[in-house]
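The following blocks contain the structures, represented as structure tokens.
Heads up, the next two complexes both have chain A, just with different partners, chain B and then chain C.
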Partner chain A sequence: MRMIIRRLSLYALTAWVAITVNFLLPRLMPGNPVQTMIGKLTGQVTAAEMNAIQLSFGGSFKQGLFAQYFTYLTQLFHGNFGSSITLGAPVGAILRESVPWTVGLIGVSTIVSFAVGTFAGALLGWTRGSRLDSLIPTATFFQAIPYFFLGTVMLLVFASNLHWFPVLGAYSQNATPGWNWNFVGNVIRYGELPVISIVLSSIAGWMLGMRNMMITMVGEDFVLMAVAKGLPRRKVIMHAARNAILPSIANLSLAIGLVVSGALLVELVFNYPGVGDLLLQAVLNEDYPLIQGIFLVITLTVLCANLIADVVYLALDPRTRTEAAV
Partner chain B sequence: MKVLRLPKSPKVLLGLGILGFFILMTIIGPWLAPYNPSATNFAANLTPSAHHWLGTTSLGQDIYSQLLVGARATMVVALLAGLVATILSVTIGVAAGYLGGLSDDGLSLLSNVFLAIPGLPLLIVIDSYLPVNSRSNTFVIGLIISLTGWAWGARVLRAQTMSLRNRDFVEAARIIGEKRHRIMFSEIAPNLLPVLASSFLFTVLYAIGAYVTLAYIGLTSTAVWNWGTMLYWAQANNAPLSNEWYWFVPPGICIALVGTGLALVNFGIDEFINPRLRAGGLTSRQRRKLGLPRRVRLGLTPVLRPAKAPRVSTAPAKLVSQ
Partner chain C sequence: MSADTFDIQAVSPMREGPAERKGNAVANVERSEFVLEVNNFSVDYGVGENMVRAVNDVTLHLRRSKVLGVAGESGSGKSTLVYAMTRLLRAPGVISGGSVTLNFTSRDDEKEFTTLNLVTASEKELRKIRWSHVSIVLQSALSALNPVLRVGREFDEVLKTHRPDMSKAQRRARAVELLTMVGLNDDRLARYPHELSGGQRQRIMIALALALDPDLVIMDEPTTALDVVTQREIISELHDLRSRFGFALIFITHDLSLLVELADEIVVMYAGEIVERAGASELYEAPRHPYTLGLLNSFPPLHGPRRELSGIPGSPPDLSDLPAGCNFYPRCPFAMSRCENEAPALTAIENSDRSVACWLHSSDSSVPVPVELSRTVNPARNPVTTLKERP
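Let's look at the complex of A and B:
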């Protein structure tokens, strides 16, 4: 329990740092990007909107820094992320539409990649020194390819040339969004290729980590003991794998951040209507409120995912619990 | 040098070969480039030929020259970011591990916070606020990438330092009254060299990915040629959908190859740190040479101890089952 509270406070602190960075960056950057932005906007927006922008970015320094910070925090707590300059809508509302797509896409890919990678890694570790070891350089190569590049190549080969998969977007233009089988099936069909490309780029990490732990585990006495007892091979492997998997789970919280960063770009390639696509548009249009809102939402989501991974780890490994109790 | 005694597994040699090739390309690439990469005086959309090995862009620029010139910026940013991040992670990690107590709590908290914030979105936010002339500056970009990439190394180094700090040689240094920073950086840090090297390679790998990504989404100056800007222009001109593979595939392959090289060398370092992995990475021919059983036997992961003298082929390696 104490461990969970400690992790919770760490993540709370991290969230606070992210929020503060978001607040301070536009105010500290050289060249004053906010003034530039406000200059560009003059005449395009109403005086009231201008006032709101100046308030949220500190364009006018009528208030002191602390007072600005306080206003900023209060607004955030009310779920007010400011409003997007280019899309003319509140950032919160825009994000509510795109976040579920991203969470779905990345969630599914991460789970698939973790499960398959760990399983393959366990087998590789068990059969170490065999021909299968030549898989390692191949897997490494896939890991070293930037996600978005692999996505681009797969899009070119499998969607636009071979027509095995639909090309762009998250669902066909004829489908009407709604909770019916027709639409859900359509979404799954359109999601296949992005998921495959994310899995391919992220699987090597899981595989190699698991393989190396497995090799270390196979040398342990309890595995020898299991064999000596005459347990079937499958059970012995499971026995070793259950112990080797712990570091992978401990790393899960770290990896989620990386996968999210990569997957944002996969969305770009596939024109997937998630946060990544939105982020690119925001960057290209210098839509600072939107960029900041997206950054905050991504960070908070990753922190939640981390927390879940930590709790799972605590549940799985009793040693961490005793450590925490001491 | 003992330090350079990497296991000579084919993986490591392959990795070193690949890295050597690209470092050479970084140094002499811009001189080798047959044309000015920005010059637009050729016909547009040429397919690969003897004159233009990789064809031309839709603006009529020579792609092969872009690839050669782009190697330098890409590698310089990656190495710079790797170097700065490693310095940061050694300083913070070793200090946290050695000093302990409150400073440990503070520094660990700092690195945990940086670990938990997703790096790329943070980079994008920082970078989008940079004035345009800083975006074209490879040093500025390298520095901000290193800011988001040091935390993992610091965590690993801290753990290693904690396991070293009560060893006899550190106690001895403390007793003869060496200064704290001297103990940390002259006594402890050299013993962390393999871990350090591995964390450096990982950071370089991360930095290449981050830099290329920033360039790909148009957040670095498009005036600086690197492999990411090439991909940016290829994407902007719909090269992937119009089958112009010679435009966007070569930079992607180069990035992936550099990454593979770094990761393969890292395997070597892993095997160096963990003797059990060392035996795991051998080919069957090498196993025979060392007198190990050809098939891996259960409960018997051989720990290969480095020989003091050059190994005589008649003496079989020690088999230690643990």
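Let's look at the complex of A and C:
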């Protein structure tokens, strides 16, 4: 219990540091977002207009840094991320719109890739040297191809030419978004190809990691003991797999942390309306509030993922529960 | 299955055991007096050119409820022998010849005695006899227990697998009973292996090995990783347990002085072959093979006068490049010219029930047997107090 509290406070501290850095970074950069935007506007801008623009993006810049920081924290606490410069809407609302798409797509892909890859890896490790081993070079091949290329080719072949999958976007243009089976089914249909492409390009890592750990575990005494105990083969494999999976769990937490940020290429190729796409637009348009908002979301997801992984790891490996002497 | 299968408290007097308890007159006639018969057993590592013979033509017979000690240096093939015997040897180990016969009482029918050749048995047959008839204790209990499972789970698992009709409460009760037997509190069941001491872990392994009341328990250096005090306690407990439950025991170690306390008979292995076989105290007090003598001089005795430890000169043989004659020839202090080219076979010594593989004891040997190798057992002069003789 004490350890959980300690970990939680460590995470709270990390979150605070991340938020602060997120606040400071744009202010350390040369230039001024309002000036940049005004520079882009053609024609004259009156003083009143300038003031109005400044007010709409978080008040006056004449405030001291500390006062700004305080305002920032208060606003953040109320869920106010400011307004996007290019889209004109509140950043919070924009993120609420796009984050679920990315989390859904990449999250599902990551979990499918992890589950299938780990299962295959466990089998490969157990049956080392069998014909199944040919799966490894195949999987590594797909991982070695740059994702951008793999995604484009798959889109071209399976969607454009063979028409097995719908082409672009997250759902059909005729569908009305809403929580009904029709729309959810449509979203799943549109998600299939992106998910398959991501799984293909990432599965080798899970498979190899699990296979190698499995081979190490198979040589351990407790696996020999499991055989000596006359356990059915399935249970013997479980003895080994239960231990072999531990490093994979640690990797999964890192992968989940990258769910929000790692989506850029996928969303670009499949024209998926997620965070990656949004970030690209924000960067191209120098939309500071939006960039800041996205960075914050990414940071917080990574933290949450690590927290979850920590808890899962504690549950899975009793050895990590022993507190180090302080 | 009858209810009394687990009623181990009800087991019978010292040094008898499952045999007497389960059997009846008719069945006892049919049943072999040996629990394990190993004949001309050989094990290789690898095949083809790089093949190395780790166990060569070993023949062993183990009577019910007896303790067989297997001694030898690292690499003498003693562990390979028992792992191969129980078909637990991993690749590249291959059984290249011989037979291993296990005689056991079938659980399905208490009167039925079954014989199984472990070398040819199928996986399914092996699973059936594993742990319920032959269990094993490894050297490192830390690595033999699954690090992420509570100790209780290990007990639960074997009982669940081999005794499917036991309820959860019965399994738990049996686990507590087993722990009590080895002198541990039942709160250990909720612990993970890393939370226990080395001695506790090894006791748990022993309790686990006895969970199904097996006919044969194999222990591969179970006390080597422990300190001498714990070693001592465990050996003594083992002796008590064995007299209570009457399982046969194969005990592997390189420490002959430890073995002599526990074993009825000892075989000494060198380079994958048995070089000497004798009753425990005969072998301890009156070794016949120069290698046995060397082993004895490498360990301080647990009892009796101090003596100088000399060890064995040279290093264990390279199995891929064995000498033409006797394997021990290059290290033997009594080597003769004959030993260089002719390999001695394990032969019985006249007027005794022991055998040795050494030309010195050959009937046509012209050289007198050195005094170190011709001692006689004189219990009156220098008695070895062993656990077996304690009340």
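We take it that the second predicted complex is superposed on the first by the 268 of 326 C-alpha atoms of A that agree within 3 Å, B and C clash if a C-alpha of one lies under 4 Å from a C-alpha of the other, contacts with A are read in each partner's own complex, and residues count from 1 in each chain.
The rule is simple: contacts are C-beta pairs under 8 Å (C-beta built on N, C-alpha and C of every residue); 3 or more make two chains touch, one makes a residue touch a chain.
Predicted model, so just to flag it, every value in this text is computed and none were measured.
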Chain B versus chain C as contact partner of A:V116, first or second or both or neither: neither
Please indicate which partner A:V227 is in contact with in the superposed arrangement: first for chain B, second for chain C, both, or neither. both
Partner touching more residues of chain A, whether chain B or chain C: B
What is the contact status of A:V187 with respect to chain B (first) and chain C (second): first, second, both, or neither? neither
With the two structures laid over each other on chain A, which partner does A:K235 touch: chain B (first), chain C (second), both, or neither? second
Looking at the overlay, what does A:V103 touch: chain B (first), chain C (second), both, or neither? neither
By the touch definition at the top of the document, which applies to A:I215: first (chain B), second (chain C), both, or neither? first
Can you pull the chain A residues that chain B and chain C both touch? 219, 221, 224, 227
Chain C partner, complex, touching residues on chain A are 219-222, 224-233, 235, 239, 242-243, 246, 316-319, 322
Chain C residues touching chain A in their complex are 86, 88, 90, 123, 126-132, 135-136, 138, 140, 143-150, 157-158, 161-162, 192, 194-195
Quick check on the complex: what are the chain B residues that touch chain A? 11, 14, 109, 112-113, 115-122, 124-126, 128-131, 134, 152, 205, 209, 212-213, 216-219, 231, 235, 240-241, 243, 245, 248-249, 252, 255-260, 262-264, 267, 270, 274, 276-277, 279-282, 284, 287, 295-296, 298-301, 321-322
Of all residues in chain A, which touch chain B in the complex? 10-11, 13-14, 17-18, 21-22, 25-26, 29-31, 33, 127-130, 133, 136-137, 140-141, 143-146, 148-149, 152-153, 155-156, 160-161, 212, 215-216, 218-219, 221, 223-224, 227, 253-254, 257-258, 260-262, 264-265, 268, 279-280, 283-284, 286, 288, 291-292, 294-295, 298-299, 302-303, 306
